[in-house]
Amino acid sequence: MKKLINTADSVVEDALNGMAAAHPSLRVRDRVVYRAEGPRPGKVGLVSGGGSGHEPLHAGFVGHGMLDAACPGEVFTSPVPDQIIEATKGVDGGAGVLHIVKNYTGDVLNFEMAAELVEGVEVASVLVDDDVAVQDSLYTAGRRGTGATLFVEKMAGALAEEGAPLARVAAVAAEVDERSRSFGIALSSCTTPAAGKPTFDLPETDVELGIGIHGEPGRARVPMVSARELAGVAMEAIHGDLPLTGDLLVMVNGMGGTPLMELYVVFAEVAAFVKGKGARVSRSLVGNYVTSLEMQGFSVTVCRLDDALTRWWDAPVETPGLRWGR
Amino acid sequence: MMEAELFVAWFEEAARQVRDNRDRLTRLDAAIGDADHGTNIDRGLTEVLKELAESAPRSPGEVLTTAGATLIRRVGGASGPLYGSLFRQMGKTLESPVTLARFAGAFEEGVVAVERLGKATMGDKTMVDALIPASRALALAVRDGVDVRRALDQAARAAAEGAKTTIPLQARKGRASYLGERSIGHEDPGAASAALFMAALAAVAT
Amino acid sequence: MKKLINTADSVVEDALNGMAAAHPSLRVRDRVVYRAEGPRPGKVGLVSGGGSGHEPLHAGFVGHGMLDAACPGEVFTSPVPDQIIEATKGVDGGAGVLHIVKNYTGDVLNFEMAAELVEGVEVASVLVDDDVAVQDSLYTAGRRGTGATLFVEKMAGALAEEGAPLARVAAVAAEVDERSRSFGIALSSCTTPAAGKPTFDLPETDVELGIGIHGEPGRARVPMVSARELAGVAMEAIHGDLPLTGDLLVMVNGMGGTPLMELYVVFAEVAAFVKGKGARVSRSLVGNYVTSLEMQGFSVTVCRLDDALTRWWDAPVETPGLRWGR
Amino acid sequence: MMEAELFVAWFEEAARQVRDNRDRLTRLDAAIGDADHGTNIDRGLTEVLKELAESAPRSPGEVLTTAGATLIRRVGGASGPLYGSLFRQMGKTLESPVTLARFAGAFEEGVVAVERLGKATMGDKTMVDALIPASRALALAVRDGVDVRRALDQAARAAAEGAKTTIPLQARKGRASYLGERSIGHEDPGAASAALFMAALAAVAT
């Protein structure tokens, strides 16, 4: 394993120091990343968090129009309740705080504990579970939260910025999740600094279908095929669960180690697929947004837009990882 | 009789065994999860020992609640809150002077707290598959009037066997459930670490 | 080799189709990427180009405040004169066109030929050569152009947007290059689609120092060390050539396959180094901007700012790869 | 006498040889460059053949200028303009009917164009190290009244030897110069492809 780290133990701390140094718009304290300017009275606060190694998610989405704070855990490990409690108190502007929680047992348990323990702040939660690779049944922990997290954070963030009350921000966040679906494919595994070797070995000839964002193996291993065919697999899985119609927000997301050139190749195929179904790519995002360290591959996330969601997507955002309109 | 020192020794021994098995636990987690279970528990127990040394809790119950709270505060992931609840609930329930019967009862309460929090039952391929057999072994030992040492040995053996029973199972809870049928054939890392916890207790009780 | 492509031959074409589909602000025609809105009368046009595989450079920097057109060649192969001639004619708003050329024999020759052949457009050129790993001597092709290209494109782009004449835009572009220095380190090679295997093999224990952006081997191969030490190597090389003083623009650039988390770890060390020399990180950029496909590693680029350059850096920019202020 | 057909055949044979050696050329470029030389020349010659078939140039000079212009228009990189200039200049200079002396003179003009454009001289570890010996061999053959076939054989041999002489050199031009001393010990890919061009000409002239 070769990694740009000092020690495996200090990697999260060191990276947060780098974030703080690079972005004067952020304030980092006790493993929580806040907007430097602090809470705005009357605005609903948005807190998210999860394991590190998914950058820019979540800390890179702290700023105007998105999150108020992010709680980064150890690599691929949910944050602890103390961080979430601190963040929740730290961003409350009196209008309550929304927890944006990806549906993983660890994230759910730690956010739940924090929500129970935090005092004097009204807390609502939204669970993001967009990954169609996992069946939502009694036999699983339910769908994972992956790419749609970014959509939820962006749109709920814009609404919160408008001054909407907590219940409404939470309801819209849940609506964005309901309208969104994802599917991911890995060409290679990733290596966590602590483990020091790839989480799984993938031969030169194979890919993993239906992976999450923690370097977990996927649902099935199949022979490598063309970008067109892989995009087709992902899009059929999504379309089979939530038929593609109308205006869509489409993200083709690298897993951290995929050349941008290849993501554009995939996007071209995804766009052609959408067109073939009679739907329209109305907004899009191509790049590394919800990553698994240096994993190679891609995920596609699709959200069925309506006018309001489109407006919140287009609203100004100023974060290290996503920025437009200011 | 089981004193506070014994419970501190339990966590010291558990920390040693987890350290020795850290890479194995992480490898188990790599196969059906995200390759961090060894690191998570190792980090948690290191913090538990530090906290126990600093706060010097006096009763067995206090040792356990301190350990539980520290795991919750320091581990994260799924296993942090789950193990944290196990020990915190055990600690809250456990009255001094500790007898085997009281310990078995508190342990059962702890396991129930884990089940309640994680909503997992026997056969879901989680730590619960090691914890429940351990709890039953303790209850049987109490019923049969077995001495502490043998009771804890039996609990350790039951936990180890329980961990092995997870191998052929398809996971229905936690990260491993995302793999569907591909989770079959691998030991659950949390069940493996639960077996280590029980082995550590048996070791220090001798 | 596993790559998200359809065929090795079509990868550039397919990726450009994806760019066009993803970014309505761009228009792609005959292997040239233009701003969709076309040239603005009276504004100096900025044209750059180079091999593909460095995305978002260059095509991702076409848009308000940066380039007017980019000419992507085959992977790691300079564009041909025809592309550059088309682009030059296509962006001319009557005020002339600046060619921003990275100092590689191929880029230089093809841009020179184009500049000679294009008719009816006043053309000036700036040569970017910021890489201190290469000695600028009679015994080399001169310093390579790497990360500073982005700085030149951004600042000259802002100045052009203000309506400055060609000579001034060219002079400032050259000044930005003179004030900038880079150094790169690779942890792994990259694989071009056509070659199908890594350009070089790097054992688990070693890194390549002083690499360029085409997967070329570097000046020396040394044992892997910590992020702190690697950052030190890069910064000493830069500082030894252009002493760090005053306000600096600092970019820590991934080579395409480096987790963002690790780039932040490196940035923390770079910032500490700068502070140690009594200089100041006044502006910064951390991410994948000038890449070599899926190569792992990083490069640091430093530019000594003054008030004017800072203003042009801060000026609004709206491109797929760099955006703020609008 | 060398007719237009012979020159078309030259490019057909060169395309075949380059296709057969594409991976070797790319490997040579991987060692001291960016692993694209084989692909570049292969792509270029494919386009040249297409263009020659379409535009059907009638004189040797036209064949060469067409090939040169196509290489410039289609290859990119360093080798595109350099090889393009070689053939374009050769074509501009070459008068019909083509004699060995006229061909040798035009070839020399082409090589000078390459030197002028790339500013490389003998020993810089570039295609020039194969082209100059080839040009000299042609000039000597003219002086000595050698027949066309033997002259082209000697030129091919000189180019091949010239390519080999690049192995111990440290590059002073092009991408390989960035490697400093690490460029020593590898054959220059452009010199290797230049040797293929000359070998192809010798092959079709028999």
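Order as written gives the chain letters A, B, C and D; numbering starts at 1 within each chain.
The rule we apply is simple: a residue touches a chain if its C-beta (ideal position, glycine included) is under 8 Å from a C-beta of that chain, and two chains touch if they have at least 3 such contacts.
The shown structure was predicted, so the numbers you read here are calculated from the model rather than taken from an experiment.
Visitor: Chains in contact with subunit A and with subunit B: which ones?
Guide: Touches both subunit A and subunit B: nothing.
Visitor: Return the distance between the CA-based centres of subunit B and subunit C, expressed in whole Å.
Guide: About 54 Å separates the centre of subunit B from that of subunit C.
Visitor: Distance-wise, how many Å sit between the C-alpha centres of subunit A and subunit C, to the nearest whole number?
Guide: Once rounded, the distance between the two centres reads 28 Å.
Visitor: Counting in whole Å, what is the centre-to-centre distance of subunit B and subunit D, each centre being its mean C-alpha position?
Guide: 74
Visitor: Give the residues of subunit B touching no fewer than two other chains, as numbers and ranges.
Guide: Touching at least two other chains: none.
Visitor: What residues in subunit A touch two or more of the other chains?
Guide: Each of 75 in subunit A touches at least two other chains.
Visitor: In graph terms, with chains as vertices and touches as edges, which category applies: line, ring, star, complete, or other?
Guide: Shape of the chain contacts: a line, open at both ends.
Visitor: Touching pairs of chains, all of them, please.
Guide: According to the stated criterion, the contacting chain pairs are A-B, A-C, C-D.
Visitor: Hey, which residues of subunit A end up touching subunit B in the complex?
Guide: Residues in contact with subunit B: 51, 73-82, 104-106, 109-110, 113, 133-135, 138-141, 144, 192, 194-195, 199-200, 212, 214-220.
Visitor: Which of the residues in subunit A come into contact with subunit C in the complex?
Guide: 1-7, 11-12, 14-19, 21-22, 52-53, 55-56, 60, 75, 187-188, 204, 207, 224, 226-228, 230, 252, 256-269, 271, 281, 284, 286, 288, 291, 293-294, 296-298, 318, 320, 323-326
Visitor: Name, in rising order, each residue of subunit B that touches subunit A in their complex.
Guide: It comes out as residues 26, 30-36, 39-40, 43, 72-82, 117-118, 170, 172-175, 177-180, 182.
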